[in-house]
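In the two complexes that follow, chain A is the common piece, with chain B as its partner first and chain C second.
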Partner chain A sequence: MKKQQRLLAPLLVAAALAAPALAGDGYALQVLNIAILNCIVVLGLNFVTGWTGQVNFGQAAFYGLGAYTTAIATKAGLPWITTPFLSALVALIAALVLGMPTLRLRSYYLAMTTIGFGEIVRLIIVHWEPVTGGTSGLRAIPGISLFGFTVEGQIAHFYLLFAALALAALVAHRIRHSSLGRAMLATRDSEIAAELSGVDTVRTKILAFVIGSIYAGLAGCLYASSIRFISPDSFTGTQAVLFMTMLIIGGMGSIPGCIIGAIGLTILPELLRFLGQWYLVLYGAGVIAVIVLAPGGLASAYPRIRQRMAGFAK
Partner chain B sequence: MLLEVQDIMVSYGHIEALRGVSFNVDAGEIVALIGSNGAGKTTALSTISGLIRPTSGAIRWKGEDIQNRAVERIVRDGLAHCPEGRRVFPGLTVLENLMSGAAARPYKKSEIDDDLALVFELFPRLSERIKQGGWSLSGGEQQMLAIGRALMSRPKLLMLDEPSLGLAPIIIEQMFDRILELNRRTKLAILLVEQNAAMALEISHRAFVLETGSIILSGPAAELADDPRIREAYLGV
Partner chain C sequence: MSKVADKNSFKTASLIAAAVAGAFALGASPAAAAPAACAGPIKIGLTTALTGNLALLGIQARNGVEFAVDELNKAGGIAGQQIALTSEDTGASSTDALNAMNRIIEGKPLVIFGSMISPHVFVQTEPVSKSETPFLVGATNAKITSQGSKWLYRMHVHDGQLADLIPRYLVSTLGKKKPAILVVADDYGLGASKGIQETLEKLSIKPAAISSYAPSDKDMTAQLLELKDKGADSLILFGRPADVALVLKQMGDLGISLTTIGNASMVAQTTLNNLSAAEADGAYAIGGMIPQTAKDAKIIDWSARVMAKYKVPADNFTVGYYDTVYLLKSIIEKVGCDKAAIRDELAATKDWKGTFIPYTADKLGDLTHQLGIYRNKGKTPEFVGPISETGF
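What follows is the complex of A and B.
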């Protein structure tokens, strides 16, 4: 069993690297690129919601902040290299301003604050037309260019985004197994016991929220400069709920789960487009099915199936 | 004197949970705080560890007032509180649970390894389960893990809240045996809150009896165990 698992990871990576050849340079690859960006956003959400247990409905707004920061900065003529830092910085400041007062309190205050924050960000984007382009969005955003090298075409973007996702997953894995990661899960499992163990739970919650927001900000930066067109539609409250659904369906607290959930729920609507409005019915039924059959998300179903198979083999 | 609780009052809204409670713990001794349900035992421990603030009175730790210190700071200063109902972290493995107990102290690998070794020596069952999730443990194992986690902060005083809660009599016996062993070997001071008064008095040096928010009796544990009032009210003989 262990052997199979060790074989599985490189196989998946190989399949992912071959994906552009199968998808071709077009719409399918564009969907795949957006799926990868969503993976990074959901990995960010996992820090605060999956591991620290704080409900965050503002992840789409942080994603939007990152995207608009990059778009506005590059359109104003700043070199691309500055944009990841700017986007991360804007997300970090917003997260601190929201998190510092809210996360001092226990229970679900963050959910309410972030819903309000998402709406404020959306309204600013829609109404600050001279800067944000209002509802029609921003077009012809300068692409990625580093020290004279530019990234051209969707295949090149795919590999770049794939590398970014790999790095994001690696960093998340490292944090999970550090003392900060333990503090996050301890805070989620029992805030009182965490404090009695010497964990500064307020600091832990703020850090998780800030790291998650930076993930969204950086994904937003990559979104703006690889898709090169942004509009408020991509960063609404509905989108924030969708990110939360990706996390729940994939498996809260599991890195592979985040990736499965984000990719599945990005690609599936495109595959099922022919169903029209019926898709929503199927989507609702599918979400309920996963919650009933695999309460820990799809990532939790795998070990359970394996166990059952082992039971059959005996 | 290690810990001195002086005349603390605690209330939840209108309800007075503690009405001027005083007691103390010296280095190296086991002190029991016994009393029936709702007497205020858990409130007393939570007030010492900073989860609840007293409305008046003082809590002195090695001579310093700590009633306004942050919870995690109190842990760092050497006062560990193993909470009622164990509150093991279900999502973390046994080893991760133990390591989170070391969250407040400066990270020194050799010291942490020493303390892990002590915990595993005391509770060998835990060492067989280091990679298992906290959720998968039995009640007795969870209690061992909760005590082990508290020990990982390298405390000078360990406060145990109802370690016998919900455990089978034979496991309770083993648990108290381990607690006594811990005190004998490491000279760690222990403040033990228990409803199981007979067990608590058996392993303690001194005891305080709490009834509806006030200390009504105190003295050497052996003497209290012979006191007719205690025998009737708490020991059922």
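What follows is the complex of A and C.
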């Protein structure tokens, strides 16, 4: 099994790197780039919801904070290299302000707080027009520029975003297998048991929330610089629910699951465009089918199928 | 050499010279150049909101373009070629609007129609301009045509015109001195609110109250009671048909009776369908031309055919998009299927007669400069008269 996984990983990376050759420098690659950004956001959501068991509906707001920080900073003339740090910092501060009082409580308080937080961020963006451009958004955002090299075109953006996703997945993998990752899982399974085992559950929950927010902030930074236009309609509560759906469909707590869910639910509506307005029916039916048939998400489907096949073989 | 031979050689030389001169003359005069031929069906792309909370608006663009395309195809197409229309749904998000546009661009259309949702058009402008394709939109944010794209043209009235004309009409013609402003808190309403405040300031009028409501709000009584308490003598209301209907209904419920003026939503059929005659009566609107008030038999027949086909009444957007397809027809018949030539002809549009109004391109790319003033008599909108943008 481990040997198979070791073979599969380079194959997947090679296939992903060859994607621009198949997709071309246009629509398909643009969709893939947005899917990659969604992967990073959902990986972030996985820290707090998938591994720590706290329901977070504020991920779209953190994504928006990162995007607006980058847009405002680069339009003000700051070099692009500073923007990932600024976006991460703004997301971190917002997460601390929101998380420190809320995560001391148990159950669904975070869900309620983050719904409110999302609405507050949206209202600030809409009404602080001189800075955020209001509902019209911000246009002509400077693109990604690193050490004198400017990233131009979908293909270049794809490789950069792919590298960012690989790094994000690697960091998530390392955290998952660290003491912090084990503390997160223990907190999710039973806060009381975790505390009895010496886990500082409040600290763990705050850390998970902050790390997840930083992921969203960084993805927002890359979104603003690659799309070069942002408006509040990309960071609404509906988008937050969509991120949560991606996590559930892909498989909560699984890194490949986050990536499968985000890519699947970004690409699926595009694949179903030929159905016109009816695509929403099929899309909804597909989501329900996955939840019913694979409650652990798509990532859990493969081991289940293998298990059943082994059962049949016996 | 004989005289006959000399005469023949002179004739040949004269013919060659004449041919060369003729060729140069043709080449030097663009007006005399043959229009670029249209090979195969003429591809037109359209991106608009067909799903989500903006679909009620978006389908009006689709209906206008599609209805005109169907009519033209039945009549033999343009320049002997059928028109192939491809529509893509933008949903309600700018990211989806960008995806939809990239998909349309890959089909290499001759012309692209964008929607009336301004953030969607903002995000789409750069890729369309890069593809060097004429881009015709109905988006109402005044800044849409100030983006510096020479490929973008707008066929619909914009917020800047309304924000200037509505307060002027309210103050100068209707004689109101203490208006309140209530708008939907989205790109459309907040953009207009800012412009309305600026115009009122120029008229030395201080608004009694300035308020807004979220697009999904259903209860606007708090805002209405505030403007009543502040002694407003009139209301400038800017919103979508669904929420404008709610505001007018709640004004009736609260017994607030004010001269109310707003955008075309005040007289939209979808608004009036949700109001009683008493609730709708007396409200004014300034906006793009709507077919409901037409007396012309041809327009009445056209509206009935649109209604029969789509089961949705045509509105000002339907008319704008419909007209623009016919404007394109006249341009393609003149200059052929060359994108740059179509763009240049769009820029040169002057007094092209549409269903209601003449279209003239200004230097930014705005084609519409004449608006209509309407007033509801019970649940029936009546045309008060035309009103032109300042300077036109």
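Here is the rule we use: the second predicted complex is superposed on the first by the 306 of 314 C-alpha atoms of A that agree within 3 Å, B and C clash if a C-alpha of one lies under 4 Å from a C-alpha of the other, contacts with A are read in each partner's own complex, and residues count from 1 in each chain.
Everything that follows uses one rule, which is that contacts are C-beta pairs under 8 Å (C-beta built on N, C-alpha and C of every residue); 3 or more make two chains touch, one makes a residue touch a chain.
Note that the coordinates shown come from a computational prediction; the quantities given were computed from them, not determined experimentally.
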Exercise. So, on chain A, is it clash or fit between chain B and chain C?
Worked result: fit
Problem set entry | Which of chain B and chain C A:205 touches, first, second, both or neither | neither
Exercise. First (chain B), second (chain C), both or neither: which does A:234 touch?
Worked result: second
Problem set entry | Contacts of A:136 with chain B and chain C, given as first, second, both or neither | second
Seminar exercise, completed: Of chain B and chain C, the partner touching more residues of chain A is C
Exercise. Of the two partner chains, chain B (first) and chain C (second), which one does A:182 touch, if any: first, second, both, or neither?
Worked result: first
For this session: For A:196, decide between first (touching chain B), second (touching chain C), both and neither.
Result: first
Problem set entry | Least C-alpha distance (whole Å) that remains between chain C and chain B when both complexes are overlaid | 36
Seminar exercise, completed: Overlap of chain B and chain C contacts on chain A, residues none
Seminar exercise, completed: In the complex, the residues of chain C that touch chain A are 50-51, 88-89, 91-96, 98-99, 102-103, 105-106, 118-119, 122-123, 126, 141, 143, 147, 185-188, 190-191, 194
Exercise. In their shared complex, at which residues does chain A touch chain C?
Worked result: 26-27, 30-31, 34, 126-127, 129, 134-137, 139, 227-231, 233-234, 236, 238-239, 269-270, 273, 276-277, 280
For this session: Could you please specify the touching residues of chain B with respect to chain A in the complex?
Result: 49, 51, 70-72, 75-76, 80-83, 87-92, 96, 99-105, 107, 134, 149-150, 152-153
Problem set entry | chain B-touching residues of chain A, taken from the complex the two chains share | 179, 182-183, 185-186, 188-190, 192-200, 253
